[in-house]
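Okay, so chain A shows up in both of these, paired with chain B first and chain C after.
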Partner chain A sequence: MFFLKLLILEFKQNIRRYNDIFMPLWFLILSMLIFSIGFQQDSSILKKTAPSIIWVSVLLSLLLSANQLFTQDDDNGFLEQVLLSPTSLLTFVWVKAIIYWLKICLPLLLLLPVIGISFSLSYFEIKIIAITLLLGTPSFVLFATLGAAIILRAHHNAILLSLLILPLCIPILIFGLSIIDDASCGLSFTTPLCFLSALLLTSATLLPFVTAFALRTGIHYA
Partner chain B sequence: MLQALGLSYQYSEKSLFSNLSFEINPGDCLQIIGGNGAGKTTLLRILSGLCPPQKGKVYWQHQDIYHSQLHTYNTDRLYLGHKLGIKTDLTLFENLKLHQTLQRSEHPVSPTELTWLQLKNIATKSLSAGEQKKLALLRLLSSSALIWILDEPFSNLDETGTNWVQELIKQHLAKKGRLIFTSHQKVNLTSQLIEL
Partner chain C sequence: MKHLLQHLFSPKYFYQFSRKCLPWFYFIFFISFFYGLIGGLILSPPDYQQGDAFRIIYLHVPFSFLSLFIYLAMATFALLGFVWKIKLADILMRASAPIGASFTLLALITGSLWGKPMWGTYWIWDARLTSELILLFLYLGYISLTQAYPQQQQGHLAGRIIVMVGIINIPIIHYSVYWWNTLHQGATLSKLSKPSIANNMLYPLLSMIIAFLFYYLILLFLRTQREVFKKLQ
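Moving on, here comes the complex of A and B:
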C-alpha cells in the first residue's frame, strides 16, 4: 500500500516534467533518421543492421537522462528524508526504477512498430525485437539506477555514468541481439532467451540492494 | 533517552567540536548555538543519523544508532534540515501526503490545521521561502515522533509563523517529547544550551 502510494505520487511528479519524456524519444527518432540517411545507398544493410541500431539507440536514449535520476531528490533534501524515514531505501529505489522505465522505455516500446515499419522490418521481426527489449530494458534501467547512485555527487556525472554503465550493459546487448539473429534465421533462440531472463532476474535481485547501499554511503560520507 | 558520548568531528584541518557529551530525556529541549561554520548543522546531522561521527557514539534507547537497525529510531525521530525535502512539481497537498506516506503516519493533518493552505492545489514551486518552510513544518503536526531535530526552524518565518512553531514545540514538550534545535533568533523556550 505504501509502495503503491509512493509510486503514484512519483508518477504524478514525473508526468508534470514532460520534457524528460520527450527528450529521449526525440533522441531515438533522430538517431534512426541519421542511420537511415547513412545507409541510404544500400537499404539491405540497413534492414540487416536495424535490430542492432534499435537496441543501441534505446540504450543510449535511456542513459541520456539517467544521471538525473536522484539529483533532484538529493538537491531538495527528499533523499535524506527517505533515508531517515521508516520506509526502506530499497522501496524508494524500486519506485524510481519502475517510474524511470515507464517514463523512458515504455514510450520507446510503443514507438517500436513505427520504427520497425520505417526500417522495412516484418511483423515477426518487430515482435521479436519488442520481446527482447521488454526483457532487456529493465536490466538497463537497474544498471542505470546503480550508476546514478554511485555518481550522485560527482562532477561531470553524465560522462562518468556512461563510462561506468555501458560496459556492464554489453552482455545484455549480446544476448538480446543473439535472440533476434537466431529468430530471423529460423533457429531456436531458447538459450539466449534464458540467459537474458537470467540476467534480468539477477539484476532485479541484486542491483536494488547495491543501489540503496550506494545511496546511503553517498549521503553518510558526502 | 538520546545520549551522545564523546562526539568529535573535524572538517579539513578545522576541528568543529571534540569530546562532546550530553543526554536528552523526555520533555527536554536542547538549543545548539554558535556562529556560522561552527558545526551546528553537522552536529544535528550526526544526531539524526545522516552523518556518522568521526569519534564517539550516539545512543537511542541504549542502542547505537549507527550500528543497530535504525528502524526504531527512524520511527521515533523527525529531522528537518536546511533542505526541506519538498518536491516542487507536486502540489502542497501531494507533498504532505508524500511525507505522511514516507513516515507511515496514521495521523493525517486535519483540514482546520490547513487553513493557511488555501491554495493547496497549486504547485509548490510558486510558494515563497517562508511558505515552503511552513509546509515542511506541517510535518510536525502529523508526526508521532518522540524526538524532533530541527535546523533553524524559525528562519524565513514571519512573527505569526514563529509563534505557531513555538506553540507546536511547547505542545510537543508538554507531551514528554524531546527537541534539539539550532537558531540564531531569540526564542521563547526554556532550553539547555550547547555553544559550539
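Moving on, here comes the complex of A and C:
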C-alpha cells in the first residue's frame, strides 16, 4: 500500500520537525492578541466578532507556511522520483494535503476550547465553530496545496500564494461564518451547512487533480 | 478540428488576419461609439427616478460586461492552450489580462461615482461590488503570477491553471457573496427576459457595449501583433 507507506513516512518526517507545528499556533494566538488590542479590548465587540477573528486567523496561519509544502521534496528530488514511479502523483498530493491538515489545522482545533474561553464564548458557540472549521479547513488546505504546486518555482512565492489563494477561499469563509451567525441567532443553519459541505466535496474531488497536473507541468518545464 | 485551429491560430496567419481585420474594427468601434455617445447623452430622456445621473450607465454597464467577458475569453484561450496546444493562446491571454484588469477597475470607479448620488455612499460591501473587486484581484493575481517565473513558458502554464480554476470559482464566489443580500439594483439587461429599460435608452447602451467590445478586440490584436512580431524577429 503505497499510500499508507507514504503517509507514515511523511508523518514521521513532520513529527520530527515539531517547530513547524508550533509556529502556526503561535501565529494564531498572536494574531488574536493583535485583534483584541485592535478592538481596544472592548469585550462586547470581541465577543460578537470572535468567530470571524478565529476563522480569519486560522486561514492566515494556514496560508503562512503553505508555500513550503513541496519545496523540500522538490529540492531533494523526491518529487521527481514520485513522478517517475508507477504510482500516481495524486496519491502524493493527497498525502501532502492530509499531513498538512494534521500538522496545521488539528492543533488549532485542539486549542479551540481554550481560545473560545478566552473570548468568553459559550459551549454551544465553540461547538459550532469547531464543526464549521472541521468542514472548512480541509477545503482551505486543498486550495493551499494547489497554490503551493502552482508557485513552486516562482519568485517571492510566499506573498504570491496568499494573493492567489485568498480570493478563491472567500466562498468557504462566507458560508462558514453564516453558519455561526445563524446558529448564534437560534436559526436553522442547514442551508449554509449544506453549501459548506458541497464546497468541501467539490474541492476534494477536483482540486487534487489540478494540483497534480500543476506539479507535473511545473517540473516538466523546469 | 485540430489542424483548422492550429492554422487559424498560427502566428503568421493570425498576424495577416488581424491586419486585415483591424480597419473594420476601427470602423465599427467609431460608428457605435459615437452613436452610443450621442444617443446616450443627448437623445435619450433623463431617468424618471435618477435624473441625468443615470447616464453613467453607458460607461458602467459596458465596463462591467467586458470585465467578465474578458475573463471568459481568457479561460477560453486557456482551454485552447491545454487541449490543442496552441502557442498563440498564451500570448492572447497575456495580452488580455491588463485590458481586463483595467476594465474591472473602471467598472469599480464608475460604479462608485454612480453610487454616491444614488445610494449616498461611494462604496459598500455589497454582493456585486465585492465580487467585482475579487475579479480584479483574480486578474492581478494572474498578471503577477505570469511574471514571477524565470522562464516565460512556466509562467504561462501556471497562468492557464489559475485562470481555469478562477473561471470555475467565479460563479461560486458571486453566489456566495450574494448570500449577504444586496443593495445593487437588479440587472438591467438579461438574456432570458425582456430588458427593464426603454428602447431609446437600450439601443445606445447596446451600441456602447459593442463599441467597447471592439475596443477590446483592437487592443488585443495590436498587443498580440507586437508580441508575435517580437517573436519572429
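Note that in this section the second predicted complex is superposed on the first by the 220 of 222 C-alpha atoms of A that agree within 3 Å, B and C clash if a C-alpha of one lies under 4 Å from a C-alpha of the other, contacts with A are read in each partner's own complex, and residues count from 1 in each chain.
Definition applied: contacts are C-beta pairs under 8 Å (C-beta built on N, C-alpha and C of every residue); 3 or more make two chains touch, one makes a residue touch a chain.
Please read these numbers as outputs of a predicted model, since none were measured by experiment.
Look at A:Ala154: by the touch rule set out above, it reaches chain C but stays clear of chain B. In the superposition on chain A, contact is made by A:Val210 with chain C only, not with chain B. When both complexes are overlaid on chain A, the residue A:Ile170 reaches chain C alone and has no touch with chain B.
In the superposition on chain A, A:Arg17 makes contact with chain B only, while chain C stays out of contact range. Contact with neither chain B nor chain C is seen for A:Val56 once the two complexes are overlaid on the shared chain. Once the two complexes are overlaid on the shared chain, A:Leu146 sits against chain C while remaining clear of chain B. Across the two superposed structures, the residue set of chain A contacted by chain B and also by chain C is 221-222.
On the side of chain A, the complex with chain C involves touching residues 146, 150-151, 153-157, 160, 163-164, 166-168, 170-171, 174-175, 178, 192, 195, 199, 206-207, 210, 213-214, 217-218, 221-222.
Per the touch definition, chain B reaches chain A in the complex via residues 48-52, 71, 74-75, 77, 79, 81-90, 94, 97-99, 101-104, 123.
On the side of chain A, the complex with chain B involves touching residues 2, 5-6, 9, 12-13, 16-17, 72-73, 75-78, 80-87, 219-222. Of all residues in chain C, only 134, 137-138, 140-141, 144-145, 148-151, 153-155, 157-158, 161-162, 164-166, 168-169, 172-173, 176-177, 179-180 touch chain A in the complex they form.
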